[in-house]
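Letters A, B, C, D, E, F, G, H, I, J, K and L mark the chains in the order given here, with residues in each chain numbered from 1 onward.
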């Protein structure tokens, strides 16, 4: 039964070139630790501006993965 | 009068490279059949993840086109 | 059982005089083909402007009607 | 490329006993015609009341399936 | 003062029979590790479909519990 | 004219077994006093948790009924 | 202090001709009993359809008025 | 069964000093008549401005309390 | 490149007779100064009430027009 | 007619002590230039954190004032 | 690259005196363990009521901080 | 005090190639006149379609910058 429980966390990734890269950075950084990543939904996108130019594209992602109810996992 | 009625349908396109391509795939697939496409609004974006990597960018689009009230058109 | 399934489609109607007319145009155009129309909810209203004047009132409507699962009906 | 395009339609199902049945009725009625149904999201739930009692549970579902850009499929 | 701080996490539970069971699975799996669970709000419900039939009911829940600011608790 | 005016109130019902029962409890309690109940929309669902178990399913409902503008009715 | 407390109720008015009339019907019916009505916000508009024609325009309004905390006023 | 039904009403309170006071005014005015008040959610906050200065802070609150289905209680 | 940048401003128009007139007043007042008005979306509608009667229909509109990045234009 | 047109602008104010002060700062700074300010709605509140402490309370406000269609006023 | 990934968690703080204190309690409790806290957005505010009086102000905050993909950090 | 007040304006940028370019066009056009641009949030994305092909990607951005309460600055 519990094997079908997923957890969703919210991350913000950043990139100098695109929102695709920004979101990919967030996902792949999380993927170094989390197993069974499944879907990442984009919930917000913005740009950081410096000196009138776009300095970074940022994407907020909701990332779902298999939930382990072991100690320390929350 | 009735010539100014538009219909809106919701499609999900997919691409290995970007949300622009994902949305374009949805629009151009629909364009093989539907005439007078006008505007496509993005209503949701996500990523499918496999083995900790982004496998596909997906875009949900609301696509408006001229409504023909002929039989079979709904 | 299946006779109580309804489908909802989204249309945009237009009128030079009012949003009531715009919505009515969308509904009555659809009514030439669809049977058992029931409720039309307004989900968006805007105005097209030309030369600083209102050229058209437009209403987006969600229209529900009895769903026929026969071929070609989607 | 185009094989990965999905379409989403909105249906309302009804049941005397539960929202699960109401949603299932909508999905299975659609399944008689549509192939490759994938996900059905619940977007609204209500109850019809008669004589002060609940007469029906109704569920609105957004149903995604593989989009065929052939003629007549919109 | 800090004893009144709660944390909210988002889980997705699944069940072959109902959304009540799906949500209960998510809550009770979390309850094996987390103490002082308080409220679980439903934020989304959907169905997975296989071969035109409902294969699983899924519920997304926002679950609040007492927040421990000890190391490893985030 | 005034006979077509409806009022909407918001109630929260509770049940140990299901959201259907929770919503039905709210509707039928209201039905002891209010006449011409028509539609009850679900606007929120949650669960109360005690000792790591689901203690109650709760449903918030928007309930519409015929509005009587007589004294004391608001 | 308490003289500045307002209450908001939700009504649905109906009219054969326009949403302005539908909303006005709701407000003026309430005005027969309630004093110090102030603002009525439109929160939803729909149309009832019969035989493929618009039978009624309906407007849901949030109506604010001075709150009297006397018995029976809730 | 019916003892667990709650009703939610919407009030707007006002204060010259803070939104906390504005919300408290609404709650405590209601508390003179209503019993078993439980939770008050803030749904909107604004300020009334006179002569370029803030004249009042206003808070809209959704207030839940035990529902009595006796006559006159709606 | 910069010729395709549009700005959106939010106005509230008012009328004794209809929301169409209220929105038109906002648009045509703006049109005395702004060039290349394009679309006006309705984002909110309400009514001002005096002595239990509707005194004014008000419409909030989001109005888009060609953006001139010259001094003073923001 | 045009005297009843209002414009709405969005400002973000900041304060070391409270959201009331943050919003008041935004309103009173605007009041040095704009006449006939009327209502300021709070649309978002956040806190800036430095060294684990709250450094500033920030409030986003939608501020309405009488719209002058003279040159330079947009 | 990965150093620019942020995580967002949702906490609920509580205070007998104000929402500013409630939110500050949540942030500063988290700050005992988490480093590089950045922004805390308020997403909901309510009040707990006891005996017809406000017993506590509660604020729900979305708190962002630098994400460490080391083991145990999720 | 007043130096910490920011203003937010809404622009729509356009590009033949991507939403990143569309948003960048809006920001950099504004940057020719406005100083101290800070953050640009994406609030809507769509595509203009001509002859069944995507003709332009458009992004709506909310752009914040330091507010100068001098004359003409609104």
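Quick note on the criterion: contacts are C-beta pairs under 8 Å (C-beta built on N, C-alpha and C of every residue); 3 or more make two chains touch, one makes a residue touch a chain.
Being a predicted model, the structure only gives us computed values, none of them experimental.
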### Message
For subunit F and subunit J, which third chains touch each of them?
### Response
H
### Shortest walk length in steps over touching chains, subunit G through to subunit K
2
### Query
Using each chain's Cα centroid, which is most distant from the centroid of subunit B?
H
### Task
For E-F, find its twin among E-K, G-H or A-B: the pair where over half of the contact pairs carry the same residue numbers.
A-B
### Summary
Superposing the Cα trace of subunit C on that of its twin subunit K calls for a rotation in degrees, to the nearest 5, of 180
#### Entry: Separation of subunit J from subunit K, taking each centre as the mean of its C-alpha atoms, in whole Å
25
### Query
Could you state the distance in Å from the CA-based centre of subunit F to that of subunit G?
20
#### Entry: Averaged-CA centre spacing for the pair subunit L and subunit F, given as whole angstrom
44
#### Entry: Residues of subunit E whose C-beta touches two or more other chains
7, 9, 18-19, 28, 32, 72-73
### Query
Among the chains present, which pairs are found to touch?
A-B, A-E, A-K, A-L, B-C, B-D, B-L, C-D, C-G, C-I, D-E, D-F, E-F, E-K, F-G, F-H, G-H, G-I, H-J, H-K, I-J, I-L, J-K, J-L
### Query
Mind pulling up the subunit L residues that touch subunit J in the complex?
1-2, 4-9, 62, 64, 67, 69-74
### Summary
Listed in rising order, subunit C residues that touch subunit I in their complex are 17-19, 44-49, 52-54, 57
### Query
Along subunit K, where are the residues that touch subunit J in the complex?
18-20, 23-24, 27-28, 31-32, 35, 37-42, 61
### Message
Residue numbers of subunit B touching subunit D in their complex, please.
### Response
7, 9-14, 25-26, 28-30, 32-34, 56, 60, 72-73
